[in-house]
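Shown next, in structure tokens, is the structure this report addresses.
Naming follows writing order (A, B, C and D), and every chain is counted from residue 1.
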Amino acid sequence: MSKVILEVKNLTKVYRIGLIRQKEIVAVNNINFNVKEGEIISLVGESGSGKTTTARIILRLLRPTSGNVLFNGKDIWRDIRNRKELKWYWRNVNGVFQDPYSSFNPTHTIRFVMLRKFNLFDEEMDYDTKISMIKEALKEVGLIPEEILDKRSFELSGGMRQRVLIAQIFLIRPKLVIADEPTSMIDATLRLSLLDLFLKLRDEFKTSQIFITHDLGLATYTSDRILVMYKGKIVEEGTPEEILNKPSHPYTKKLLESVPKLYSKWFT
Amino acid sequence: MNSLAIGEIMSILDVRNFRAYYFTKAGTVKAVDGVNLSIDKKTIIGIVGESGCGKSTLAKALSFNVEPPLKIVKGDIVIDGIKINDMTTDEIRRKILGIKVALIPQSAMNALVPTVKIRSFIKDVLKEKTGYTTLEIFELAVKRFKELNLPIEALDMYPFELSGGMRQRVLIAIATLLNPSLLIADEPTSALDVSTQKMVLETLYDIYRRGLVKSIIFISHDIATVRQIVDEIVVMYAGKFVEKGSTEEMINEPLHPYSKGLIFSILTPELIVRERVRKAKEVLLKGEPPSLINPPSGCRFHPRCPYAMDICRREEPPMIEVERNRFVSCWLYVKR
Amino acid sequence: MAVKININPFIAYALKRFGIMMLTFSVALFLIFILPRMIPGNPLASTIFRLTQGGITSPEQLKATERMLLETFKLYEPLHIQFVDFISKLIHGDLGTSILFYPLSVADLIALYLPWTLLLMIPAVSLSWFIGNYIGVVAAMNRNKFVDKVVLTIFMILQGVPPYVLGMYLILLLAVYMPIFPTGGGWPPGMVPRLSVEFVLAYLKHYILPFLSIFISSLGGWGLSMRSIAVQELASDYMEYTIRGVGLSQKKVVNYLFKCSALPQIVGLAIVLGWSVAGSVLTEIVFGYPGIGMIFWRAINAQDYPLIQGIFIIIIATLLLANYISELLFAYIDPRARYAYVGVQ
Amino acid sequence: MISSISSTIIRLFRIKKFAIGLLILLVVLFIGIVGPAIYEVSPTRTIGRRYVPPGEKYPLGTDALGRDVLAQFLHGIRGSLYVGAIASAISLSLAIFLGTIAAVFGGLVDKIVMTLSEILLLIPSILLMMLLAAYLPERSLWIVAVVIGITSWAGWCRGFRSRTLSILSSEFINLAILSGASRLNIIIRDIVPIIAPYVLAAFAMLFSYSIMAEVGLTLVGVGMTKDVTLGLMLYVAQIYANISQGIWWTIVPPSITVTLIFLSLYMIATSIDELFSYR
């Protein structure tokens, strides 16, 4: 059994909105799970299930209301305090987001975006080394560096943008990648090749991955384990085969029923 | 119309060699470039394709929503024997929209005016299209809402008081109040969660089953959704139809290399799909769809096609009928 | 968790806005109170000095003025006592006595002049609201066509011409070079306001130019903002569907468009009506129109502090009230906004 | 970077509205800056009879006090531009500073800034200016400009706050954080380049607003008491009832110039806004 690299314990996030009449929204409700080295898991749920909030907390972009996230045994909120430790964390745990449009500042070139990732590196490097590493990473994801380095995001297609985001992951080679709906805005024929890049990451660098998605089909394709989230809770956990063949929770059953399938039909 | 022989069923929709281009500063975007589509029986047709293949432009053109820079370059649209091209915008508005053809737009969620109650919207629309009295209109609306299992109270609400799925179902009910021959649904469910999506599709199918509309053209990028409801699937690529056939045939045995790549790359939560995808790696498509300003010569799919031959680069393949009602436009299937 | 009291969200909103309004009014009152007292030197001395320089020379009058100023400002008391006095007088509606128009009280003066201002501003502003918004919607419906471009250009220029400058030109053109209208004033000198045909006609003759200057110059602002709101609305999914998906007639579409875009403009109208007292000052000065702006100007030039202070309080109070009413009105009439308070997703 | 800036500028100039606006503004600026240096007549000294119509001796005639109107006009433009520049610089800095810190820090800071700006918005700034100015015995160009500046930042402050908030909610900020970028780096490299065009537009609008506000204040009698501005010219013309006497030369030049300044800046501001909001 390979070792656990990320542990999520009793994680809860409550949003308070309103000034006078406060309303509490429990986005994430006491969830527990872990990720092993080289493992790909999926958090599956519809909008409002709390899956994105969970992703933000693990990426240390959002402070949880209670509970802990342990990476390699270190509590990411308690044990990581200074910039150096933060950089170490993000070097090891990084993310790819859904919207390839808002993931780029329109005033930045791809070169700038890629160079920025070197903030996370401890070692000093000269510019040429950095650029050659960037080119290497861009080639890995099937892009031609010379063509895109000096372009801005809006000059690239959605698929290419998403590849640039994945190239950043290839550049820093983290231990864990959180991919929040990385292909939901990408067309079907391009989607698989993007997903294969994630599989390549795992095969080449043993990178663990957490896929955040609403798409049960995508989850069954990529993951070793699927966690179904509903209203802030993890209601079911299992391998793709288990989830598809014998779902136990009523929500999972309902979800499976409402997903349109290719080889069966609702109306006759 | 010209060739309406006795006994022949008048076709619901007839579109021949239809071309609609965008004339932009960057060049002419040939978004729909020579498609044929005719519907002559009760049926639901699904038009599938990926972003930029021209399917939304086709939907726009079929629902007469043609505004510069989009222009119809060639081809007639004939609906219920009426040639639409010759009509003025005003005539189309009065005689066709909602009466012969109804549209469920891509943005169905936000398609109802937020400051007007559902009831008065229905009244305003039907008053103009029919000679009905307000009372008759409301009776019709209530009857239809009951038929489709929609809450009658929704009539007295503002659109934003309804949930997203309910808004779409209400919109479907309103659009089809006058039993149009043809309903065009352009990505009606793409913004919805799966459970809501199913309810909307049920309403759509209900309308069809009860004969409230004769035919539906369902346009979507999501084949798994489309196949739930349609009888026939048309695959569109780079402004052209590349393959057409019955739903089961198309899903189980796509012929065109593009259809294969498209259908084999769909991920649904079915174990066979996962196995199939893992095995069928060789048909997976590489590259991206071409620009429609300068489409590739010959077959527009050839730069991405794993089976591309010489002729594909030079000549455009014809649409041939390989079996009864099974059409494909690919040199691989042309017997020479 | 505290006990949850279920209040009607609309009332909660109304209360919250009322709180903000009162807070703002307090800040304004405090500023009005503190500013004259922060000026280095003794403002009374400087006022009295100016008065002796001006026309009022009789010693009794001077003494009376001095007493009055002391009465109004109570500068000999400590600051907090002054403040309590200021507020308590205000609550009793006592705004002091004017120096310039001695022995008239400030409240009486305002009651005397305010109606003339309202008579000028309310019709001019309301009419330009209707016409400007109507033209704005028409321009939006024809956007990027010739009509739209002409309207845009004219409105843009109109927006750049302040009403008082327009007033000056109107006088030059229609009163001096073509003496159709009088150059200023509210009625011919020597005439006394009363409800007779003769007076009303004479008043109207004086009324037209100031009315026009306000009417025309505010057209541009309404038209431009309405056009941009309406253009945005037209691009919305629902207008798109109403026009092309459903095919509603042009008439109904304009109707819907107005319904969707006029709501924010209604708030604007209420605010501008509240503004009218403040906004008419310059126009009244240019035309010598006998409204509140005119006496305000004279009060400033004569350093009639009680009157200045009184007018400020009135202006700010009307403004805040108008703003408050418009906010509630907006929340009430716009179903979207009304819905937002319920806070359901 | 440089090539993209220049291509943006080229695109800006393609917009006719921008080019015309800039041209008008440059002409006014040129007159205001160079004019007084070339035409060396004192604007404040009586040099002849009163109300001499424009002619050979006095190109724009003389005013009620027998002063040269052209000299006043040239110095007036300069004075008004000064007021505009100072006042808009003050209110713009306040707006940017308060707006962005409210957005970045949120919480209590945000609440305070928002309440403050709401109060300022409810009390119309022109009234506040009058109030401030009415009680100040000596009013120089600087004082008036400062008064205008500190009373007119509220609306723009809210604008900057909401723009910053929308940038902060973008995914690319999260990605910048995940790239280990510091807060300062994010402000400089992510936020500033995006709000820069908005700053320009805000500056243009505030500039013309300040010039108009000065004219209004002076016309009411609570504006400038010392320096010559366009507002002061109109004020003098107003007190001496020049309009009803048909003495147009003291009124037309300053009033047209005020309108032109407003128009040119309005055109510039709207075209900047249009160009950048379409991306």
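Here are some notes:
Heads up, the rule we're going with is that a residue touches a chain if its C-beta (ideal position, glycine included) is under 8 Å from a C-beta of that chain, and two chains touch if they have at least 3 such contacts.
Just so we're clear, the structure is a prediction, and the values are computed from it rather than from any experiment.
Relative to the centroid of every protein C-alpha atom shown, the closest chain centre, again from C-alpha atoms, is found for D. Contact count check for A-B and B-C (C-beta pairs in contact): higher for A-B. Ranking every chain by how far its Cα centroid lies from the centroid of chain A, the top place goes to C.
A separation of 34 Å divides the Cα centre of chain A from that of chain B. Centre to centre, using the average C-alpha position, chain B and chain D are separated by 54 Å. Averaged C-alpha coordinates put the centre of chain B at 55 Å from the centre of chain C.
Looking at the complex, you find that chain A touches chain D at residues 56, 59, 61, 83, 86-87, 90-91, 94-95, 97-99, 102-109, 112-113, 116-117, 119-120, 152, 154, 165, 168.
Chain C makes touch with chain D in their complex at residues 20-21, 23-24, 27-28, 31-32, 35-36, 38-39, 41, 43, 46, 156-157, 159-162, 164-165, 168-169, 171-172, 175-177, 183-184, 275, 278, 281-282, 285-286, 296-297, 300-301, 308, 312, 315-316, 319-320, 323.
Across the complex, chain B is touched by residues 236-242, 244-249, 252, 256, 259-260, 263, 334-336, 339 of chain C. The touching residues of chain B, when paired with chain A in their complex, are 50-51, 193-195, 197-198, 201-202, 205, 221-225, 227-229, 251, 261-263, 265-274, 277, 284-286, 288-289. Per the touch definition, chain D reaches chain A in the complex via residues 1, 4, 170-172, 174-182, 189-190, 193-194, 279.
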